[in-house]
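Once you've had a glance at the structure underneath, I'll fire off some questions.
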Amino acid sequence: MTDIRHEGPERVTAFSDGVFAIAITLLVLPLTDAEIDPERVGESLQDLLPSILTFALSFAVIGRYWVVHHRLFEQIVRVDGGLLTLNLVYLFAIAFLPFPTSVLADNGSTAGTLLYALNLLAVGTISMVLWWYASTRGRLVRPEVTARDARVRLIHAAAPTVALLPSIPLAFVAPDAAKWSWLLIVPVSVLGDRMYPDDPR
Amino acid sequence: MTDIRHEGPERVTAFSDGVFAIAITLLVLPLTDAEIDPERVGESLQDLLPSILTFALSFAVIGRYWVVHHRLFEQIVRVDGGLLTLNLVYLFAIAFLPFPTSVLADNGSTAGTLLYALNLLAVGTISMVLWWYASTRGRLVRPEVTARDARVRLIHAAAPTVALLPSIPLAFVAPDAAKWSWLLIVPVSVLGDRMYPDDPR
Amino acid sequence: MTDIRHEGPERVTAFSDGVFAIAITLLVLPLTDAEIDPERVGESLQDLLPSILTFALSFAVIGRYWVVHHRLFEQIVRVDGGLLTLNLVYLFAIAFLPFPTSVLADNGSTAGTLLYALNLLAVGTISMVLWWYASTRGRLVRPEVTARDARVRLIHAAAPTVALLPSIPLAFVAPDAAKWSWLLIVPVSVLGDRMYPDDPR
Amino acid sequence: MTDIRHEGPERVTAFSDGVFAIAITLLVLPLTDAEIDPERVGESLQDLLPSILTFALSFAVIGRYWVVHHRLFEQIVRVDGGLLTLNLVYLFAIAFLPFPTSVLADNGSTAGTLLYALNLLAVGTISMVLWWYASTRGRLVRPEVTARDARVRLIHAAAPTVALLPSIPLAFVAPDAAKWSWLLIVPVSVLGDRMYPDDPR
């Protein structure tokens, strides 16, 4: 049986975008289920503020990971079975995020904070493995990607993960501070983007 | 590292369409959760009428913003990091809308109406910033877009936002009237479309 | 301002497919919320049978309408503001369907059956208006579409709507029979497809 | 009326991907609804472990079926009415999976296990029928697909189904063992992929 497939990663990125878009939009569901007391709408909204901020935080983090995923797949021109499986494991970690988000919205304890941090750690680690796998099998990435480019992008994919490491010890002493330290993911990862000076986006 | 990316905004619009499609379809969920008394289905449906109308209102408003987003991105041929971030902030405001919609469905008080109006105001303002950002960085939009075109489109993007401003003072005196005044967004924004006489759509 | 847009209906069909896919998949949510008694799982599943059948019925009907929408848009090569608005109204009727589906799953009374039938009637009527609008503005459809073709397709788009009309009087005397008469939509609409003898699909 | 349609299966695969992406992401919803006791978050998470594992299992299975669907449609270049209908029946079985998943998360009894196994059996059987239909109507698949290729792929599509057959008798004697035997689907189906030696993915 000869090789009769020539498709690139289009359907894989379309499916991934679907999972990202649904996971990011499902985050709002616990808010829409919240009870609003008609007598004191203003106060009820204030009570929901932690949930709203957790929603915003998760949206920023998932959105940022989508950008990173987007950038890795811009360099990938072919998908093999291993990459397909790694991408499904990655999407599992993304689709799982609404669960730690809802745990965290209800309480900011150590266990809830750790669960969320471990989920983000899994997303970050799998995206590094995914890029390492694709870039060391030369046929899967654009021919213009040099070994040096591949290393730079591996460090880039690692940036958000490094930014969340401090939150794991912090979760034991100050869960609230740990939670907000995740916002470091955004500037660290944007800084990573700046590593490509000639880049139009 | 040389510039090795040539992709346009296709994956960005596909992801945005996913978020729009999910947000607009999730609006129906509070209705599907509603209890229908089997003894008096007709009356139960009548009780749900405010929820149904709020769903229709939100669908019309999100649908209209989708058309505006669609039109802006027709002129955008390249996406940089800043535009990607602005678009994520925009999508956050869209994905948030099911929450004010469910608050409003339960009660038409001043606080609920203000929350919804402020969410729409955020959507409108971000879409103006997004277009201003893209059009002042000439490489991001089609070369045919003149400075005058860019200004006309900025006003166009502003139209739905202007149409909802009266609802903010109205929310304090007549929340119900404020709510229905949002429907102004549809004709004002359609009128904005008419500003392009030669336009096939 | 000259006409600088050349895009076809791709983003419109992608957005529509998103709404269809979400509406059709959300139908299962009332089932996943159902309580299953661990002592008698078999009996609990039997109690859920009417819900499961209503889910299957709605899936078949939405799926069939997706095929009809798909076929109409195969002939549409350009989208103007009016068509965009009509398509949003159409999608509103599709996104609304999970609500009558959940009412119907709970009880098969006259009011629930009528609500569902009226929703389907709206979907059918809007799809006829949509095709009539597109085909009478010649620039929006493929040049190969003759006036006769346009008429044949209008009748075709009407077929599922005609098939559901008997259910409206039936809902008053025998709601259950009315419900199952909707399955007529599938063969009548498939028969409509057969009107294109040379058609590869 | 002459044949005026030339489209391939792009919109069909996009719609299918949408249903897959939503079904796979909805699996997390029962988890986000779970009550977490703020006094004992760690223990609550431990109580949720069976639900979390069932979520992971279903994600792996749906993900694997997506890969199989993906591969079949790589060979399909044209879609007729029969294939469209078969694909909708297939998607029905996929969209249904969140229901057995939520039944199984609550209890691992014989009835729940059988329901899940029968759902997977339906998915597997329909994907075989779908491929058999497409490959025996030569115009629907790539001209390079020989009769031998078609047979090999039919066996390939059957592999996950064969892997789940042992779980049906097992469900009566050891429901837990039956449940975990479904993981056989992943290696058996990956092994099936290896049957194409020259294949880049």
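We call the chains A, B, C and D, going by the order they appear; numbering starts again at 1 in every chain.
As a convention for this text, contacts are C-beta pairs under 8 Å (C-beta built on N, C-alpha and C of every residue); 3 or more make two chains touch, one makes a residue touch a chain.
Everything numeric in this text was worked out from a predicted model, so none of it was measured.
Quick one: which chain's Cα centre is the longest way from chain A's?
It is C.
Taking only the C-alpha atoms, how many degrees of rotation bring chain C onto chain D, rounded to the nearest 5?
Nearest-5 rotation angle for the superposition: 90 degrees.
Given that chain B and chain C are copies and touch, would you call their interface same or different according to whether over half of its residue numbers are shared?
different
Please work out the Cα centroid separation of chain B and chain C, and write it as a whole number of Å.
So the centre of chain B lies 25 Å away from the centre of chain C.
Using mean CA coordinates as chain centres, what's the chain A-chain C distance in Å?
Centre separation, chain A to chain C: 35 Å.
Could you list which residues of chain D touch at least two other chains?
If we look for residues of chain D contacting two or more partner chains, we find 14, 18, 21-22, 26, 29.
Using the touch definition up top, name the residues of chain D that touch chain C in the complex.
Per the touch definition, chain D meets chain C at residues 1-5, 7, 11, 14-15, 18-19, 21-23, 26, 29-30, 78-81, 83-85, 88, 91-92, 95-96, 98-99, 101-103, 106-107, 109-112, 115, 139.
Note which residues of chain B are touching chain C in the complex, please.
Those residues of chain B that touch chain C are 13-14, 17-18, 20-22, 24-29, 31-33, 36, 38, 41-42, 45, 52, 55-56, 59-60, 63-64, 66-67, 70, 74-75, 142, 144-145, 148-149, 152, 190, 193, 195-201.
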